Amino acid sequence: MKIMKKIDFDTISVVVLEEVKTYTGEEIEPFWAFKMFDIQKDSIIGFNGPMNVKIENMKDLKDIKEEQDIKTPIMSSDALNFIVEHFDNPDLKMIYLRQRILVSIAKDVIENYSGLKLKKSGDDLYFNEKKLSVCIACRGVSSGKIHLGINVKSDFVPTHVSAIGLNDIGLSNVLEIMEDIAVEYANEMSKIERDIRKTLPLF
Amino acid sequence: MKIMKKIDFDTISVVVLEEVKTYTGEEIEPFWAFKMFDIQKDSIIGFNGPMNVKIENMKDLKDIKEEQDIKTPIMSSDALNFIVEHFDNPDLKMIYLRQRILVSIAKDVIENYSGLKLKKSGDDLYFNEKKLSVCIACRGVSSGKIHLGINVKSDFVPTHVSAIGLNDIGLSNVLEIMEDIAVEYANEMSKIERDIRKTLPLF
Amino acid sequence: MKIMKKIDFDTISVVVLEEVKTYTGEEIEPFWAFKMFDIQKDSIIGFNGPMNVKIENMKDLKDIKEEQDIKTPIMSSDALNFIVEHFDNPDLKMIYLRQRILVSIAKDVIENYSGLKLKKSGDDLYFNEKKLSVCIACRGVSSGKIHLGINVKSDFVPTHVSAIGLNDIGLSNVLEIMEDIAVEYANEMSKIERDIRKTLPLF
Amino acid sequence: MKIMKKIDFDTISVVVLEEVKTYTGEEIEPFWAFKMFDIQKDSIIGFNGPMNVKIENMKDLKDIKEEQDIKTPIMSSDALNFIVEHFDNPDLKMIYLRQRILVSIAKDVIENYSGLKLKKSGDDLYFNEKKLSVCIACRGVSSGKIHLGINVKSDFVPTHVSAIGLNDIGLSNVLEIMEDIAVEYANEMSKIERDIRKTLPLF
Amino acid sequence: MKIMKKIDFDTISVVVLEEVKTYTGEEIEPFWAFKMFDIQKDSIIGFNGPMNVKIENMKDLKDIKEEQDIKTPIMSSDALNFIVEHFDNPDLKMIYLRQRILVSIAKDVIENYSGLKLKKSGDDLYFNEKKLSVCIACRGVSSGKIHLGINVKSDFVPTHVSAIGLNDIGLSNVLEIMEDIAVEYANEMSKIERDIRKTLPLF
Amino acid sequence: MKIMKKIDFDTISVVVLEEVKTYTGEEIEPFWAFKMFDIQKDSIIGFNGPMNVKIENMKDLKDIKEEQDIKTPIMSSDALNFIVEHFDNPDLKMIYLRQRILVSIAKDVIENYSGLKLKKSGDDLYFNEKKLSVCIACRGVSSGKIHLGINVKSDFVPTHVSAIGLNDIGLSNVLEIMEDIAVEYANEMSKIERDIRKTLPLF
């Protein structure tokens, strides 16, 4: 897993993998970016490949409740995957706010590439009522993490979910889209850091 | 200032004023929602009217530096104004993350009404490189606050800014747009509170 | 475990179980209220039943040290049990402050029902130097939790503890007492949320 | 203001003034305990004397709204006053939780001295529907503060309030009550610090 | 004030002024680095010049108490001044911990240049029981700030203080020392950010 | 492990063991000080003995990566060991700032005893480019912990590390050095608590 492109912002690193990699749910564990890529900043890692998450690696209790008699609940034959990690604040809500920002950025980039209008509901993206993405945010003791998976293909998604993929809406340059989303997220986080440092307090 | 519509979510109240009110910069002060409307939750207040902010009520030091020989730097003859207040976390970054979410929601709602595609850069919205909005996030001791102002008309905006308003892109039902943005923001904040309470931690 | 009464406050839900349930120590684990009752707010759950906690489910290191050659250290044939969960702040001290408030409320409600005066020492309640309750507060990554157990009967409490139960002080309407304590706790937490939003800061 | 009794707990100092002192609202300002008594810990200061707070020193916006055409809204000819200051956490909610604990302790001590049962509603104490106390919690940048005032006499309280004082319920040893409340508060805060350091986390 | 050297670390900027500037106490105010140098990171600014702080610009209440009948309490004809600002955490203690690290770094750099051994007591540096430095840490709503002033000359220091300056211990290359201290502080803060991101949590 | 000297500061306890004890890596686990010595404050424990840490007890991912084919990576036949635990703030950065302060204090004490000048780089101490110490800071849910190990002897250190011990630089009174470092650390933490309570905020 060494063929990659790395772009460094002040407080966050972007890594885009150039080889296919499956998302198994282990990538959501803390320090995965350090273990794999020696990154010692906050980070967003993008990679393209299947999603195949076992129930024991799932973090959303609602999904776990609903899916517990289904063998592989989060599954896609081809997806864009993003793994985000932030170490700056122990509050769980912080990583959830960032999750919504990441999903909004993904929505905006895909809309710009496709000329279509998507719908965001919470942390999910839809086109024509069909589900385009899965997303989770969670925290360990030291860091908050996000996984966002955007279907490239829609086959192999569990049949009870009406799904759609980027290919289905006419997008094939998915690696370019992946990099744009990751870079725009890093850019937004960096700009917030700068904005904090130029705003007078209230009295 | 008593003619209004109030929608209560569990942790946040939405108020939409039905009379015209000018944004003077005083509305960004802490506890404005309590003083005016007796709200004792987090809140988003929407109102339609001019923006006319004196330099001494401005909070963005970059604007203050740039504008200091101009008499009224933030000015619009007609705008949608949103005032957000959250009391839940003393970290300044929290209110900035929420500011970006509010701006993304405004962008999405306006795109849906207009069928046009806007551009978000940091906390600003643009159409055809023309500035549609102004925004600031800041903190006092007890709460974080946001002001988002979206031009309805583009006259009277300071001449060195290339501006555009909702009327210029064909939108006249601005009160409906205002309510949709405010409700969607409250909805997103409420959903995040619920999401936090169903996600397993990482180990 | 479906027969229950649910009362919703803005930021906290009260659930009172109407069937007998044993407290085993597993109920203190994070997300128990979501797993059992699909609650996605802060919560206080009250239930009546025995307490029977194994050493491996105990959280108070002092108890563990003292009790390690005794088979079942926290034990009661009949008790009122309260399980509280809050997700709003990662500071451990917060849940301890709330624990004291819960114990004070329990004391006040029982005094009002009985006409007797109890003694609170730390997180313990006593009548005539006899122990009426056990309590623990603790934290996981995402939430803080409290268990308060109030003896209804005093038999089966470990013999080295001089115990007393609600029945021993003449109280038999224990389900009513249980509901009053849970509702008053939710009420107090809700009022604090409102109070925060009407108090000027200091300079 | 030098005649006083000082009792030091590990993390909090108790000071009890032995001379009469009026509460004017200035004592709620941050660092008052350092300025007056050179205390460099968290602290609770108790003193006996009138309350006479001008509107510009009031912090409760609800009171300010209601009272703004009355000359001196918080007023008592003789009261027990407690000033608490904590520096340990920037979260506003923390000081509110502590405020409730202080009021509960005051209630318990007065009940023990009088043999009567008081009623606590939020941060207020009542006997026979008559108001016995006033209380406020608030925050500056560095610290959280509480003022609790318990009427000793009930004359001179604003006439629209139905008030009662400790003298009216047969208590005259008010300095003793004052010290007991202050010491018990310090004791509770100290015990919480110790409890935090013996409780296993949850997983 | 434009002649300067700027060294950018990921999360902190170092600025070393090349012209003489007096420290008046106004430099401790929040956002001074942004207002003067447009810095939108955390920062350490070093400059050489007199110290001349009026009582109304002092932040240490102990000094204010002691010095209140002396005209200019913090005064030096020639000093190295460091102004630090961090925006990352609202806890007051954080900036105090950093203050001690800055003073330790200054001590180490001066020891290396001089071959002499200094003594650090709290936030003060001494040589032969003579005071070499003054230091303060404090917080506003948005940021924590530090001022460290190291005497270059020891004349004009208030006569009740036994003072010494870098010149008195044989050091004349004070601009080089100033830069080394500032760079080493930025280096230490940067390394801590990296260390946080490679350390497993405890269970 | 009962022969010890205990010195109590207000918020932190110092314990110095008088018998030899090996550092195995288990001492870094949360609540070790309570389990072994019943300490219910923050604490620094000093003991003299070998270091022998298995890879599964190591917390520094960089070390783990580098050392994974070496049998015992952190090893010394004789060392001064310090175990620090703080419960006051859930932010990971806090314990890292304190780690640097502890290492600076160790450096200063050893320099004073030896008359030699050490070099600190991050959290490591060197003499003549030879490594004198190992150090780690980390967090659990409830507390932050530090281990600092200072070689007394330099034999048995892994051969790929160029090491040195206190004996090698002429120091044999290591128990005295150990106590001085532990007491000075507790003294510094105590003074910071007091400093926080005498400093005016910024506006």
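Per-chain numbering from 1; labels A, B, C, D, E and F assigned in written order.
FYI, a contact is a pair of C-beta atoms (placed from the backbone, for glycine too) under 8 Å apart; a residue touches a chain by one contact, two chains touch by 3 or more.
Fair warning: this is a prediction, and the values are worked out from it, not measured in the lab.
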Chains in simultaneous contact with chain A and chain D: B, C, E, F
Pair of chains joined by more contacts [C-beta pairs], A-E or C-F: A-E
Pair in B-C, E-F or A-F that repeats D-E, with over half of contact pairs matching by residue number: A-F
Homomeric contact chain E-chain F: same or different residue positions, threshold half: same
Far-end chain from chain E, centres as C-alpha averages: C
Chain whose mean Cα position lies farthest from chain B: F
Gap in Å, rounded to a whole number, between the CA centres of chain E and chain C: 50
Euclidean distance of C-alpha centroids - chain A vs chain C, Å: 39
Centre-of-Cα separation between chain D and chain C, whole angstrom: 27
Where chain F touches two or more other chains at once, by residue number: 30-31, 34, 61, 87-92, 139-142, 195-196, 198-203
Contact graph of the chains (line, ring, star, complete, other): other
Contacting chain pairs - touch in the sense defined above: A-B, A-C, A-E, A-F, B-C, B-D, B-E, C-D, C-F, D-E, D-F, E-F
Chain D residues within the chain F interface of the complex: 10-11, 30-31, 34, 39-42, 87-89, 140-143, 193-202
Partner chain F, residues of chain A touching it in the complex: 31, 34-35, 87, 89-90, 141-142, 203
Residues of chain F defined as touching chain E within the complex: 28-30, 58-62, 88-89, 91-94, 96-98, 100-101, 104, 107-108, 111-112, 117, 120, 122-123, 136-140, 145, 188, 191-192, 195-196, 198-203
Partner chain F, residues of chain C touching it in the complex: 61, 65, 90-92, 139-141, 203
